[in-house]
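Just so it is clear, A, B, C and D label the chains in written order, and each chain counts residues from 1 on its own.
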Amino acid sequence: MSAAEVVLRTEALEKRFGSLKVTRGVTLELPRGARYALIGPNGAGKTTLINLITGQMRPDSGSIALAGRDITAMPTAGRVQHGLTRTFQINTLFPDLTPIEAVTLAIAERERVAGQFWRPLAAHKAAIEEGFEILRGLRLADVATRTTRTLPYGQQRLLEIALALATRPKVLLLDEPAAGVPKDESAMLFSVIAGLPEDISVLFIEHDMDIVFSFASRIIVLVAGAVLLEAEPEVVRTDPRVREVYLGQAAHG
Amino acid sequence: MSGKTLAAAVFGIGLAWSAAASAQETLKVGVILPFSGPFADAGAQLDAGIKLYMQQNGDEVAGKKIEIIRKDTGGPAPDVAKRLAQELVVRDEVDILAGFALTPEALGAADVATEAKKLMVVMNAATSVVTEKSPYIVRTSLTIPQVNYAFGKWAFEKSGVKEAYTLVADYGPGHDAESSFAKGFTEAGGKIVGADKTPVANPDFSAFVQRVKDASPEAVYIFIPGGAQPAAIGKALAERGLTPPATKILAQGELTHPEALESMGDTAKGIITAFHYTLERDDPLNTEFVKAYRDANGGRSPDLFSIGGYDGMHLIYEALKKTNGDAAGDALVEAAKGMSWTSPRGPMSIDPETRDTIQTIYIREVQEVDGKLQNVIVEEIPDVKDPLHGQAK
Amino acid sequence: MIGQIAIVLFDGFAFGMLLFVLSVGLSVTLGLMNFINLAHCAFGMLGGYVAVTAMRQLGLPFVASLPLAFLAAAAVSVIFERTLFRRLYQAGELNQVLFTIGLVFVAAATATYLFGTGQQPIQLPSWLRGSVEIAGMRLGAYRMFLVAVALAITALLVFGLERTRFGAQVRAAVDNQRVAQGLGLDVDRIFAVTFAVGSGLAGLGGALAIEIVGLDPSFGFHFLVYVLIVVSVGGLGSVAGSFLGATLLGIGDVAGKYFVPEIGSFLIYLIMVAILFMRPLGLLGRR
Amino acid sequence: MSEIARNSPDPRLWLKQRSRWSIVEIAFWLAALLPFFLFPAYLTLASQIAIAALFAVSVDLVLGYAGIVTLGHAMFFGLGAYAAGLISKAGWGEPLSGLVMAGVFAGLVGYVASFIIVRVQHLALIMITLGLGILSYELANAMSWLTGGTDGLQGVDTWPLFGAFEFDLWGKTAYSYALAGLFIGVMVCRRMVHSSFGLALRGIRENVRRMPAIGSDYRAHLQTVYAISAAIAGAAGALLTQTTDTVSLDVLSFQRSADVVVMLILGGTGRLYGGIVGAIIFLVARDQLAGINPQYWYFWIGVLLMVVVLVMPSGILGGLARLAGKRD
């Protein structure tokens, strides 16, 4: 492992639902600029782990630190404001807003000006321009003023990422960003992700192993809530345990 | 439903006449009542009283045709009542305001009567202060203190009750009833041993009745609004065994109106109530009134609202006769002051000073007569005035 | 003293049972169909008027008029469900609110037209009047009857939901409508039958309520608030929840008035706000 | 709308355009002056419609924009009405300052209540708003030494507006005052709706789950809007007190809470003018129908509500917008 600064660290995270342990002692480190993949068979607890890290759920025990600061008890919105942002596996957008409105809202929240009720929206010039730049970067500029619900699915997936970028994240957790997107489009989507600024650390969940192996610098394998292995792609590819529990079972599922 | 068709027919004939007699000068009376909402029954009964009077006496007085314009307040909303009064005055150009089943309605409209100088006949709203709100108000119903102050005195002096528990509905009229009964009762020498107020909107009385029973008083005094509650409280009392003669039950007349007696059954026997109108009072005028009313309303009996509306129309007719059709507010109020007549309720008059009614208060006891429960008059207290007027309240 | 408290609690329980019969149908239909039926008590009112008419016009005894109230409300409700309400299942809650409020207006006006504005008194048979002495306590005969009817209904509902095939289907549909549909259940039929039974129970409740609170055209509005309190406090889609909510409301109301009459009118609302603040899904609500 | 989007690459211009005055809007406010000339005998009704409309607009802020379904907003209307009445009774009958004080008071209470409101959703939210509304009604009844109970507060005397215009029998002053109040209220809301705050509210309504994930402390937004809405509702209540010189428990009733929601949904939620259109249609229909038959008018109101739901599921304004061929 390089000496790069660690921006996100989890320490022995535990979560149970009733008698079911869904997260067991997960300890992770995400260095600056990471491009990590989180893989594992269905039901391994991947989304739960993201929910724990971003604060949608509270862990039963363990801790989470962002840039050296303990954020275990911080609410989601606070984590986002400190640079820890996620996207959702199932589109979680604002159906009746336009993309430009949605990203501008995220930027306004980041700049803590969203609560200003006397200043016209159009007067937030910098925010709107920044939002438009983000949309342009994700090839959404043409549809910036169309209602979100009328956009094709692929563009809605991109908007998920746009919303996350608008919060100016240090750490970005992408929960199956290409879920439901045709294969050729998902490659395009991941090329966009690969092109994200160098200093953003990215952790993504993905099932398509071709994509995982071509975009991830390091892979974390989660099985039954616990980390089975964390290693470079070549190591993971050849690890017999991984083949057995994951690749063997789900076979590029 | 025959009453409905009859009323509709009367109304239709009225319309036809008004078309024929359009050359004749009309005099408009704006009637403001709760025709819809939780107090719709009060509005309907009062209006039926108005209709009956006009059916019996024609719609022509002192050479003028009387036209009624009805407005619905939907409930105790003074703002709506005031607006309707304003509209009646400026838009419909009415000469007289009338109706007002609920005190807030009357209080809301009072300013309009003053400003527009129109006679305002309050046909029910029974809070004492109403007539003081405008010099143009005349009331033909009752005031709660009028009935209950006299009743309190009577209870101690004549019925021999020494100690009583009061149970009243927790709103304006209930508070008035409680204080005036207690005043009359204690001034005469009686003692109030306990007092509770029941929520107006939430009528399960069993808890309150149990509290009364715990205190086991000699008598309990009750005031509750008409409608569903009299029967409910009557039954709750019976369930607890709080029935006469073991415990005397005293109440204002609503408690023992015919529908309530029907569902209370025999347990109601012996309840003593005070009221200004007694449906069963044996008197030719009243008998005729009740019969005509039932014929016109599908068998429904008149109540306090009906008689208030009926006498209110009588006052309007007689005042117009006196002024020879002059509908100016000042003239009509002058004509109404001191007017006295015999109503189906008995002799009554308008106090020239307060413009309120002076009338007989009847003390009645529920008894079985020919197999039917009735309010039988056991005492008449003549010429009762409202005891509060002129006092700083 | 203990005897008095027992009587007060019993009275509250009986009042709660009345609320239970009135509201359990709404709880199940809300949980099942997510359909906000503010006209639920209008079906209760319908049941009440049917019972009154049956007793007066047909001369039926009180107890015989009760099934008629149930059947009439169930039949009318199913007609409404099939022709009108089903169009609104996907229409959003605000539209459901507006539509069913409109229906309450229409129902109240119709009742006024047919029966007038006055109260509708009924004559109970003598065995349901007055009180019965049990273990030194005087308990109202009618309240005991209410409790018996409500308990019988609870038993039937629980049996029907837990032990019958149809009940299992209803439970599956409440838990997850999409899955139930996927499993090939006739969700339409389940809706219609459940709606009919729920409204029928409201009709029965309306008939039972006449003796305690009377009946006039404002019934549909007047009881709406209580029914909503029972449903929300108990939790949607739960018979046991409604039972618990109604019991709590009835006893809380009566006991509150007995012990602290000064705040008697506040208490149930305070309890409701407190419970819902701490348990927004209600006492036994699952979602 | 979509045409503008395609032709205009400048998103700021597009956003600006969205908040621009439309001709329909200007025409609406001009038409609001017509009653002075066309229906001088209906000005009192018009003033109460304007007040109900302002109340409906305040509810639209929380219900239509922020997605808080409330069945207890009469609480704030009533608080404002009583505050204005009590200030006047205490000897200060100047309307404008009384209006502001009443609005601020209701807004403060709204802010306190918002700590509870923003922590619940769905049925629990509706029932808690309803419960708080009924509690305030019962409290006012219990405090009849202060409020006058069911009979209403006696001794309210509002001074002439600007010391010059008496509140007259024809309702000229009342309508002018209420209309001005409505106009200012709508302008305030309009400004707010077209700010980043308004955008945040729409975000909350559209997807409350996403808001924290874009770093939004949305509960603070909800508290703000709830307090502002309460203040506007209070101002509407104060207008009613001042134009009629009456206040009674009725201003706090569940009926009033329910009526205003009905008016709002009828007109269309989340459109600012929906509440106004709903109030006009509901109250004019009520007045006309009750004029024809005071006893059965609500039958037709009920039919109207049902038909609107079946024919125009997004309210009358929504239906009109669709007819006009544009999607808002």
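We adopt the following convention: contacts are C-beta pairs under 8 Å (C-beta built on N, C-alpha and C of every residue); 3 or more make two chains touch, one makes a residue touch a chain.
The structure displayed is predicted, hence computed values, not measured ones.
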item: By mean Cα position, the chain sitting nearest the middle; value: D
item: Between chain C and chain B, distance of the C-alpha-averaged centres to the nearest whole Å; value: 35
item: Between chain D and chain C, distance of the C-alpha-averaged centres to the nearest whole Å; value: 33
item: Where chain A and chain C are represented by their mean Cα positions, the distance between them in whole Å; value: 48
item: Multi-partner residues of chain C (each touching 2 or more other chains); value: 112, 265
item: Multi-chain contact residues (two or more partners), chain D; value: 138, 141-142, 295, 298
item: Residues of chain A whose C-beta touches two or more other chains; value: none
item: Interchain pairs in contact, sorted by label; value: A-D, B-C, B-D, C-D
item: Interfacial residue positions of chain D with respect to chain C in the complex; value: 69, 116, 119-128, 130-132, 134-135, 138-139, 141-142, 254, 258, 261-262, 265-266, 269, 295-296, 298-299, 301-306, 308-310, 313
item: Sites on chain C touched by chain B in the complex; value: 4, 7-8, 11-12, 15, 112, 114, 116-119, 121-124, 129-131, 138-140, 142-143, 211-218, 221-222, 253-258, 261, 264-265, 268
item: Residues of chain D touching chain A in the complex; value: 1-2, 4-6, 8-9, 11-12, 14-16, 19, 191-192, 194-200, 202-203, 206-207, 209-218, 220-221, 224, 228, 327
item: Complex contacts: residues of chain D adjacent to chain B; value: 41-42, 44-45, 48, 138, 141-142, 144, 149-152, 154, 169-171, 240, 244-251, 253, 255, 290-291, 294-295, 297-298
item: Complex interface listing, chain C residues touching chain D; value: 30, 84, 87-88, 91-95, 97-99, 101-110, 112-113, 225, 228-229, 231-232, 236, 262, 265-266, 269-270, 272-273, 276-277, 280-282
